[in-house]
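In what comes next, chain A is part of two complexes: it sits with chain B in the first one and with chain C in the second one.
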Partner chain A sequence: MLMQLTLGGLSQGMIYALIALSLTVVYRSTTVVNFGHGDFVMAGAFLSYVLVVLLGVAFVPAAVLAMAAMFVLGVMFNRGLIRPIRGGPHIGLALMCIAAGYLLRGIARMVWGREVLPMPPVFDMAPIFVGDLVITGDAVFIIGTVLVLLLIFFGLLAMTDLGKMVQAVYQSPRGARLIGLNVDRFNDFSWGIGAALGALGGILVAPVSLLHPDLGASFLIKGFAAMTLGGFGSLGGAVLGGVLLGVAEQYAGAYIDSALIEITAYVVIVAVLFIRPQGLFGRKAVVKV
Partner chain B sequence: MPEPLLKIRDLHVGYGKKPILRGASYDVHPGECLTLLGANGSGKSTSLNAVCGFVTPTSGSVMLDGIETAGLPPHKIFAHGIAQVSQARDLFPDLSVEDNLRLGAMRRGGKQQAQTLSDIYERFPRLKERRRQATRTLSGGEQQMVAIGRALMSRPRLLLLDEPSGGLSPQFCEEIAQIIDRLKSEGVTLLMVEQNLNLAFRAADRFIVLRDGQVVDGGDVRAMAGDHDAIVRNIYL
Partner chain C sequence: MSQTMPSARQRRLRTWIFWAVPVLLLLLPLATNPYTQFIANGMLVSVLVTLGFTLTIGNLGQLAFANTAFFGIGAYASAILAAKLGVPWLLTIPLAGAFGALGGFLASAAALRGIRSYYLAIITLAFGELMRWGYTHFSPLTGGTDGTPMPRETLFGISLTDDTLKFYVFLGVTVLLVKGTLNLLRSRFGRAVMAVRENEIATASLAIPTSRVILVTFMWSGFVVGCAGALFARHVGHVFPESFGMLHLIASFAMVLVGGLGSVLGSVLGAVLLTALPEYLRAFPGMEELFFGLIVAGVLVLMPMGLASLLRRLSPIFVERHYREAP
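The block that comes next holds the complex of A and B.
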């Protein structure tokens, strides 16, 4: 049972990891916490639904198209709505993100109402049995896809010139300007990548759950909990935080009370902020007086 | 006298409604080191920030070799050959020394980049020893070397130095002066803001004094040798 719970937690945690990572990508480059990010996740899921169910596109090309569309939306969102108010108070940025999220949600509600939509299974392979452990096609697909993507993401970041430039922008935007980088363009890129990665979370979750316009809200909280656990601003921490949260939800639901699955994220946020506010990999903020 | 590399004319810069530079005009000639002197708030750093695009002038002109650069964003001004070593250094703390240096030349070709990197290591052997270390683990002086090295990696036509001696030991100030001497001998043009008058007069060829955003004095550093008191009075009184 423990192994089965762990596998289920890993599969769910990979989605959280993706969402937390995408939130962190935006946060690291622009210090904006995208409170509308859950609705970007929802939009990705619905885009893939439209492409697969209504237009008959195969799942993988549909996922790529949906991610590309969300990349463009992320870039446009930053250029059109965030960049013009960057110099203003942070609360304005937060409200803009919330407003944009609700706009996306409103559009989904206008089109589909509040009905729950099923997505056809994507990875329809027979389960693999390893002793008592049942490995479903969905779990293989989700874990495999996210692992490959994480390898590519962190590989690019650590080993390529582009990755070093992205790190430079993250670590010192002014320093990046001093070496001739167009920081505004990098920020556009980060918003695009953030939106596309978040959308992939929605795309991966769509075939294993039911779609509805409000599904983003709970993923946003899971993303925040994963970020908090991993340490705000830490890319690796966001991934580990997501995976740990997914597993913790499964354990808490099975061994304590199934109702805990829904509130584990909140418990994690409160516990981490009390015990270790900087999370697992975050740096302790030092205020010099 | 050759044509100035940098011509600043009637430059006005303000933060919000507060004017900082109020019609400053001066030239920087090729191969020289010009130092800007002045009390806090006189507009020295603002002047550098206006030259490299971090603040947008409200009016006036900044011409680099005949090209108007006032109002351009920093990355475009950098592409014209102006690099700055800022007061805060603005390094990438978690990246290695070598990554910091290489990033300085990211807009140039790979071969040229490698050649310049070996030049920088020759100039700063200590950086070569520490090339794999994260920059945040270096001493202040070593970080200043990285900041200067990173700026030089782009082979700038004009190098701006904002308080290069800030927070450094007197020994390192002398090292900075030697670095500036060598840069000048290689034909690098420098525009420097420096509060340490000993370093300013040791390293610069000419000086100008800014007060309330305007140029109120200036001249050849050698002509002022031994009469620093007059300049200090001009700056602060």
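The block that comes next holds the complex of A and C.
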């Protein structure tokens, strides 16, 4: 029972980790928290649906195509709508992200109305039985994909020049500009990566859930909860926070009350911000006058 | 851009206009049919929602999204008090306001705990969603997904299903709260609110109790929006959890932004303009979201200070003393 819950929690948590990570990528480079990110996740899921079900593309190329499309969308969003108001107050930036999310949601609803779309299962593997534990193909697929992706992501960050550039911009965008880095292009790139990674979250959940235009809202909150838990702005913290949140949800749902699954994330946000605002791995924010 | 302050004559004219508008509105029910009257009532509710919202995000400059929660708390407080305890609806309005203020107190507790900026936005979003979860799961009190119907009731011998009667009550409450808010913002307290937005640390160094300023602004915002909730409960006659979701939040954003962040005049204009338009879009799925999304994005890029800034440029009459545009 405990193992089964942990496995279920891990595969959910991997999705949350991916979403939290993609939010953090954008936040760290541009200090913008994308309040429309949930709808980027939703858009990823719908794009893969269009490609797989309507156009008959195989799942893996469809996922790659959908991520590429979302990368472009992320870049366009940064250039067209975020950059013109960069210098303004944070409220404007937050509202712009929410507006973008609503545009995506509106488009999805305009096309699909109030329908709920089922996506065909992708990984039709027979479940593996290990003692009492049932390991489904979907769980293997989700956990495996995200793990590989995380390895690539953190590997690139730790071992390449690109990683050094990321460090430089995170530490001081102004300093990075001074030594000749193209920070504007870097920000475009971050938005693109953020959108693509978020979309992958949607693509991965699509086969195991029903698609509807409001799908993103709950993922946004889960992503925030994961970020808050792990330490807002910490890349590794976002991943660990996501995994912990996924497992915590399953435990709370099974051992306390199934209605709690929906609100675990909210409770986590409120509790962490009141008790330990810097999260598990974040540094305490110091306001300098 | 320096602003010319209105002259004494213009200020007198402004006072006249301020009181002439509600007086003229008394005649409005003569010109409406039942449908347009219903819309007009909805506009008055939106005016209060927008006003309360702009207080925290515009005047105080805090990224707090709890206003949809205050609205829901007010509406449920009114419906539960009226349906379960038989409190007359008129009396539930200030009570709903008090519950809204309590919500504002909780939100400001977060802000005062050092939870600011994006953290505040996230925790207030979570607060709103938690409330919505509460509406559906505490069914003995709230009626769950079926919601709570408002009881039948009469006021001055007329049934409270009558939209004209509702209009007069709504108008009275709206004028009171708008005037109250204006007075608050014009006072020493209002200047402190403005100072906190511009620079909280510098304000504190002037021995202004910034925590108290934040607390009171949030509570007043909660009060105004809570009262709006009570009006809304009567307006639609039945309180459902879905009314207080994300679509309501983006609609309020759009109203605040179109009118102009932090402007009382703007919140009235924004609410009036944006309550009527989406009525026509309701028949087409997705159009409401597209519409509000486009409006918010467009206003942010093209007219960040909203309609109020255009009017201010037109004539000093529209310059609000409590609000100064950044140079």
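Of note:
Basically, the second predicted complex is superposed on the first by the 287 of 289 C-alpha atoms of A that agree within 3 Å, B and C clash if a C-alpha of one lies under 4 Å from a C-alpha of the other, contacts with A are read in each partner's own complex, and residues count from 1 in each chain.
FYI, a contact is a pair of C-beta atoms (placed from the backbone, for glycine too) under 8 Å apart; a residue touches a chain by one contact, two chains touch by 3 or more.
Since we're looking at a predicted model, the values are computed, not measured.
By the touch criterion stated above, A:155 is placed in contact with neither chain B nor chain C. When the shared chain is aligned, no partner comes close enough to touch A:144: not chain B, not chain C.
By the touch criterion defined above, A:61 lies against neither chain B nor chain C after alignment on the C-alpha atoms of chain A. In the superposition on chain A, contact is made by A:102 with chain C only, not with chain B.
When the shared chain is aligned, chain C comes close enough to touch A:114, but chain B does not.
Of the two partner chains placed by superposition, only chain B is touched by A:167; chain C is not. Judged by the touch definition given at the top, the superposed model places A:182 against chain B, while chain C stays out of reach. In the superposition on chain A, A:269 makes contact with chain C only, not with chain B. Which of chain B and chain C touches more residues of chain A is settled by the count: it is C. The touching residues of chain C, counted against chain A in their complex, run 57, 61, 63, 110, 113-115, 117-119, 121-123, 125-127, 129-130, 133, 137, 201, 246, 249-250, 253, 257, 261, 284-297, 300-301, 304. Within the complex formed with chain C, the residues of chain A that make contact are 33, 35, 81, 84-85, 88-92, 94-96, 98-103, 105-111, 113-114, 213, 217, 221, 224-225, 228, 232, 259, 262-263, 265-267, 269-270, 273-274, 277, 287, 289.
Interface residues of chain A, counted against chain B in their complex, comprise 161, 164-165, 167-168, 171-172, 174-184. The part of chain B that touches chain A in the complex is made up of residues 52-54, 73-75, 78-79, 83-84, 86, 88-95, 99, 102-104, 106-107, 150-151, 154.
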